[in-house]
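Sharing a structure here in structure tokens format.
Chain naming follows the written order as A, B, C and D, and within any one chain the residues start at number 1.
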Amino acid sequence: MDRHELIKKYAGVRRTTESLCAPLETEDFVMQTDDDVSPPNWHLGHTTWFFERVILHQFTPNYQPHNDAFYFVFNSYYESFGPRNLRTRRGALSRPTVREVYEYRSAIDQAMGDLLETCDNDQFATLAPLVELGLNHEQQHEELLMMDIKHILASNPLRPAYRQPKAGASEADQSRPFAPPHFIEFEGGIREIGANDDGFSYDNERPRHRVLLEDFALMDRLVTNGEFLEFIKDGGYRNPLLWLSDGWNTVQTRGWNAPLYWEEKAGQWYEMTLTGLQPLNLSEPVCHVSYYEADAYARWAGKRLPLEGEWERVALVQETTNCAGNFLEDDNLHPIADAQAGGPRSDVVRQLFGDVWEWTGSAYLAYPGYRQDKGPLGEYNGKFMSNQMVLRGGCCVTPRDHIRTTYRNFFQCDKRWPFTGFRLAAGR
Amino acid sequence: MDRHELIKKYAGVRRTTESLCAPLETEDFVMQTDDDVSPPNWHLGHTTWFFERVILHQFTPNYQPHNDAFYFVFNSYYESFGPRNLRTRRGALSRPTVREVYEYRSAIDQAMGDLLETCDNDQFATLAPLVELGLNHEQQHEELLMMDIKHILASNPLRPAYRQPKAGASEADQSRPFAPPHFIEFEGGIREIGANDDGFSYDNERPRHRVLLEDFALMDRLVTNGEFLEFIKDGGYRNPLLWLSDGWNTVQTRGWNAPLYWEEKAGQWYEMTLTGLQPLNLSEPVCHVSYYEADAYARWAGKRLPLEGEWERVALVQETTNCAGNFLEDDNLHPIADAQAGGPRSDVVRQLFGDVWEWTGSAYLAYPGYRQDKGPLGEYNGKFMSNQMVLRGGCCVTPRDHIRTTYRNFFQCDKRWPFTGFRLAAGR
Amino acid sequence: MDRHELIKKYAGVRRTTESLCAPLETEDFVMQTDDDVSPPNWHLGHTTWFFERVILHQFTPNYQPHNDAFYFVFNSYYESFGPRNLRTRRGALSRPTVREVYEYRSAIDQAMGDLLETCDNDQFATLAPLVELGLNHEQQHEELLMMDIKHILASNPLRPAYRQPKAGASEADQSRPFAPPHFIEFEGGIREIGANDDGFSYDNERPRHRVLLEDFALMDRLVTNGEFLEFIKDGGYRNPLLWLSDGWNTVQTRGWNAPLYWEEKAGQWYEMTLTGLQPLNLSEPVCHVSYYEADAYARWAGKRLPLEGEWERVALVQETTNCAGNFLEDDNLHPIADAQAGGPRSDVVRQLFGDVWEWTGSAYLAYPGYRQDKGPLGEYNGKFMSNQMVLRGGCCVTPRDHIRTTYRNFFQCDKRWPFTGFRLAAGR
Amino acid sequence: MDRHELIKKYAGVRRTTESLCAPLETEDFVMQTDDDVSPPNWHLGHTTWFFERVILHQFTPNYQPHNDAFYFVFNSYYESFGPRNLRTRRGALSRPTVREVYEYRSAIDQAMGDLLETCDNDQFATLAPLVELGLNHEQQHEELLMMDIKHILASNPLRPAYRQPKAGASEADQSRPFAPPHFIEFEGGIREIGANDDGFSYDNERPRHRVLLEDFALMDRLVTNGEFLEFIKDGGYRNPLLWLSDGWNTVQTRGWNAPLYWEEKAGQWYEMTLTGLQPLNLSEPVCHVSYYEADAYARWAGKRLPLEGEWERVALVQETTNCAGNFLEDDNLHPIADAQAGGPRSDVVRQLFGDVWEWTGSAYLAYPGYRQDKGPLGEYNGKFMSNQMVLRGGCCVTPRDHIRTTYRNFFQCDKRWPFTGFRLAAGR
């Protein structure tokens, strides 16, 4: 990316983050409704801290921090950058206020603009990858923002909506039949997956390397709410034999009986969404399920979850240009039904990108030959390589140009507040 | 109180509550920095709910709630009034917003004004005691507001001040000597304590009844920061033999080594106050100590805490007109040094009212002949009569006309976020 | 007590402790089925440690401990005697073995015997009170042993009995009517309670002091299982308005719906006892209830729990010789029905001693003029004076000569594994 | 295995289990010193229950359980076999007694013997695989027994030894130099790992399948205590940058600063072993470390942990006959130093089998084409496939004929009470 493009991209990403917060009330900005959730105000500050602490602090001679305390308050988990506010205490921060954080953003944007425009070419060459990393970091937080905002609003007994449904959005048609899934077959063999050094990628996507795949079949679309409801009606949440041991323990201790945000009233299922409580649309992809629920459903269905190598190969095979799908820019803020469902059978695997992050059956571990990034940014991905599973493809609140075919997201098996769903796979 | 007075008092109390919140940022209103703390916005709503739910709901024909959900959101602990939001989830409420809660206050004030002005005399006679209870309830919450605001600000790494120190407030003089305390002797015998039916009182202060006191001596002023510092320097927090077993366990598990809000930097002690972090003033009463700390100090000093009957007798004997002291209206928002310390010895017990709530050695239990109030308001005091100790005299954030000689406050032994201190007593 | 008597009493108490353990299997000796429970083997060792650590250690020149590690393992909570094994880890002690602990007992008994027989009269005068304290301590542990053994066996899915029912024990007659209770009236006034310096007493019973009682009435017998069952059938465990706030919280979090050890099968209530699972006998005193349950029952019945002063005055008035009742020596190991129930009305308050410890409405706090014992034994009672309530009268597993009219037992409000019951009182 | 061999093997395995318990005191049998630990008596009963519940219950007409309650008490985690005693309450079982469990073993052995000798050939063909599974199951529990016994004894303040050191065992020589490790190189490619259908294997080892390995190098021996001590001395436990995020959190919350069972006294390191507390032998393999510690050490050393496929390939390549190593039958009950350390450089990878289970960098997940066993025994392995890592090679308390090259053991990343160690690997 050349200097002009980078400056433009910087402005665009920063603007998007703020526009996502536009519908919020000041009070929403400081909520932490769960240990996993961060307040929107904290996201706004932390993404700014990243540019200040990683770039300005290092490249501006005699740099004076905007506010010393922000180094403590807005550090997330970087041990290399010193002490920090406890993660579980982010919701105890009424200061800096929202206004002060916006002023902070503005001041750092000014300084970053100055630096990017005035630095010499050598310095720019050093800076540019860090800026690009910072922008990718902020895009990740754009998605986290939307996940967290949804949790904040859905936790509120008044059930506030983030915004009204889009004009023309079709009503949920609960009686509409949806076609059964097809399993499209793929040949195994030695394949290459992972990122090479062209373009931006995180260290955990690298290096590009060979994997051995057996023949497999992949479901042509995502599992739907209607299908998941069958699992529920068949007693799926009450039958321990369908669950991993850790999963069954989680079901019991948390009293799960449906995906997060679902609720039943008078025999009818509803779902809390960013446009408020809505009747459950049976054709839409099931969302806000944990790995445990995805795995239990797969066992119930006599199938399994795909490996990340299988997913990536299919994505590579099918992709010619870009990762098309229902992303943040489409402004649905919700997964949408497969457009081809009920249509003629096709050999195309659909909904690979956008809609929901797809749980895979692969543990989040280092690729062969993995090298952690040097310096503090090495803490970005590598230290989370235990007790998490890989998810692929992005979701309806992921910025479109943030996703890649090689992108590896990861969450613990019990997480449900991301926009997580799944499709099934089958063996040879 | 006649109708005119009551309407005036209503307006005054309601106005005071709002004025206490005036220095806050919107973000401060929704913080719950500890399970004991409630967000200011919740206090504003809950005190309003009390008038709506207890009075308007009952006395207005065909009453339509301002917002049905508020009945759920703003009920504190009244089982009789149905389900309610979890206490520990008050900090997860970004809605209703602060503006909406102020609108709620305004609407209920309007409706209360209409009711009080238009009801007939019989109805007024029924209403008036409930309104008076509601106003006392709101005054209690004014104090809770200030305790909670202090905790919210003190928990913030930026250490914001609620307001600037008053002009003319003397600086802390850490070297100023303070006179040793005197123990003033009182004769025992059968005495009467508790409230009779003149004027407002809570059910837990009644009935007026006889107690038998032995001869005793009461410290002429409150224990000071300087004295408590001696206890610390003598290893008070490290010697298990000075502590109740529950207290020692608390010291160990929470890592206590000084009162709440104290901190040591470079050999100098500071204290977080509503005017920010200040050097510790040795002559001021020690504040924000638990019953366990008060009891340990008393054991260390070879004395004991006073019984509530002893305290009330001394207050009765000395009081001729009113409960004079450093209260909310004095706008210190902090305990102040005994004006007579260092002066000629006197036989007057000072600082009985205001400054800090004084821990007594009496458990919070029913007086002989206690009758819980009828109806839902019976839940106000009676159900808390276990595992708490009585405190007396009000503090620097108690509204002056809320306190009485017979007033019984109560907290669990480990609580430190109220403005709590103590004085010593000695036996015959 | 003269030297001969003391030596004889020593032997007797020590023998009783061991005889209580005779029916146990080796495996039972090392169980800790709850944090409150101590393994029988630990009781056997700890009571022995008391004599070794408090007496032999101090009075035997150049004393060599039986085993150094026992000083750590068998110290309960005496901070003055140094570090100790965690209370919650007593169930992790398979060593010393039961045999080794019996050897320990034997060795210490030998040394104590030698000391008591050979010391000169001056030394005996110093020793005797400590020995008497040690014996009272061991008698307390005899009761704890039986409580803990009951918990250990009742926790076992095989439901083992400690021993067979006594021959001739009548079967539970569930249909037998029991007479309604009488409330016998007593005149108030200034009365004396507490222990003077004649004979053995704990420091918490002293000094003898005046109390002021109002006129009151006391139930002539204990509340029965049948009466408590009425409370249950009336929804007592489901109505929050009957409960203290702490109590209701306990009911909810622990899922209480009946006294400890009760269970319902096919519409019939049973009770786990030391003779195994037995049909509930409706005429027997209700047992294994917490303070919260006793208090809720009293509120339901429109009465209250007695004050400890009231209880002690009645006991003093009625007692002419000794504290008659159903004690350990009677070998029922279970409360028994009031013999006079259904008989002609009498003015005698029955079942004051033995059967069940009676919850009072008095907090466990220091009497006026209380002085904690000097030295390490000061830790015996005084440091527990917070968050506990007083119980009176002993129970069916208390050694008869351990109890006194002035005896103050104490437990936290939620404890149910002691043999705890209650009777009601009424005001003037 | 023919009928005669199976009967003989049955007798041998069952005898071994009992002989491992021979040195224990009765009290040791019922200890649960940690939630992960099961009491030896429970192991004795549970392994017997397996034969009764899985085989006798099904194959004996009109089978009457030895004791109905044992079905509840001795079920571990088989949901298909109905309700069961809570895992964390195994230490609350004093009944059945040790004697009763031995009687249970004897009765079931008798019944199994009868069944195996008298059944017809068809039935034998059905039974034999289940018996073989039961014997493998019992062998796993033999190892668990030794792990648990070590924990039980090491938790005891008296530090009892399981038995005396073997005569002739050399004393720890802390000054003896040990040669630096060699990394032996292996060529990558497509290889086969996993079990085929010849001989016994667990479902999680199957099917035999292809894996793609890159070129790699494997350390010729295990990491030693001496090497791990260097990591400690270099501040390994205090540097967050060396740790996985979950690992660092574990280090902090549990206060880890050395492997389990290590302790430092006066500058000298000791290790609790089955022969009591011993000076740390620097040449022995480090043992009782978690995955987190192994991973942190590898990062510190600039290497990584091997993949399970790499480990298995090396084992296959090197093995000609059997899995030689220091196993249970060698009766060291402790890992031993590499015999060739300090000798001439060799190209043989040593200590692959026995001594310590080796942590790999592979998550415990299904092999491609995995099929869970049918029926209740499907719960044996499959449901644990989340949040665990694979370990390979067996350890010094594994029965020799229980191990296989394809054997996959698994534990959570924080477990340290198994005999766990590791070796390093390096990439291409």
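The definition used in the following text is that a contact is a pair of C-beta atoms (placed from the backbone, for glycine too) under 8 Å apart; a residue touches a chain by one contact, two chains touch by 3 or more.
Not measured: the values here are computed from a predicted model.
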Chain labels contacting chain C and also chain D: none
Mutual neighbours - chains that touch chain A and chain D alike: none
Mean-CA-position distance for chain B and chain A (Å): 47
Distance from the mean Cα position of chain C to that of chain B, given in whole angstrom: 38
Centre-to-centre distance between chain D and chain B (centres being mean Cα positions), rounded to whole Å: 59
Touching two or more other chains - residue numbers and ranges from chain A: none
Interchain contacts, given as pairs of chains that touch: A-B, A-D, B-C, C-D
Of all residues in chain A, those that touch chain B in their complex: 25-33, 41, 69, 72-73, 85, 89, 91-98, 152, 155-158, 160
Residues on chain C engaged by chain B in the complex (per definition of touch): 77, 79-80, 190, 209-212, 214, 240-241, 243-248, 291-292, 295, 304, 361-363, 365-366, 368-369, 378-379, 383-387, 413, 427-428
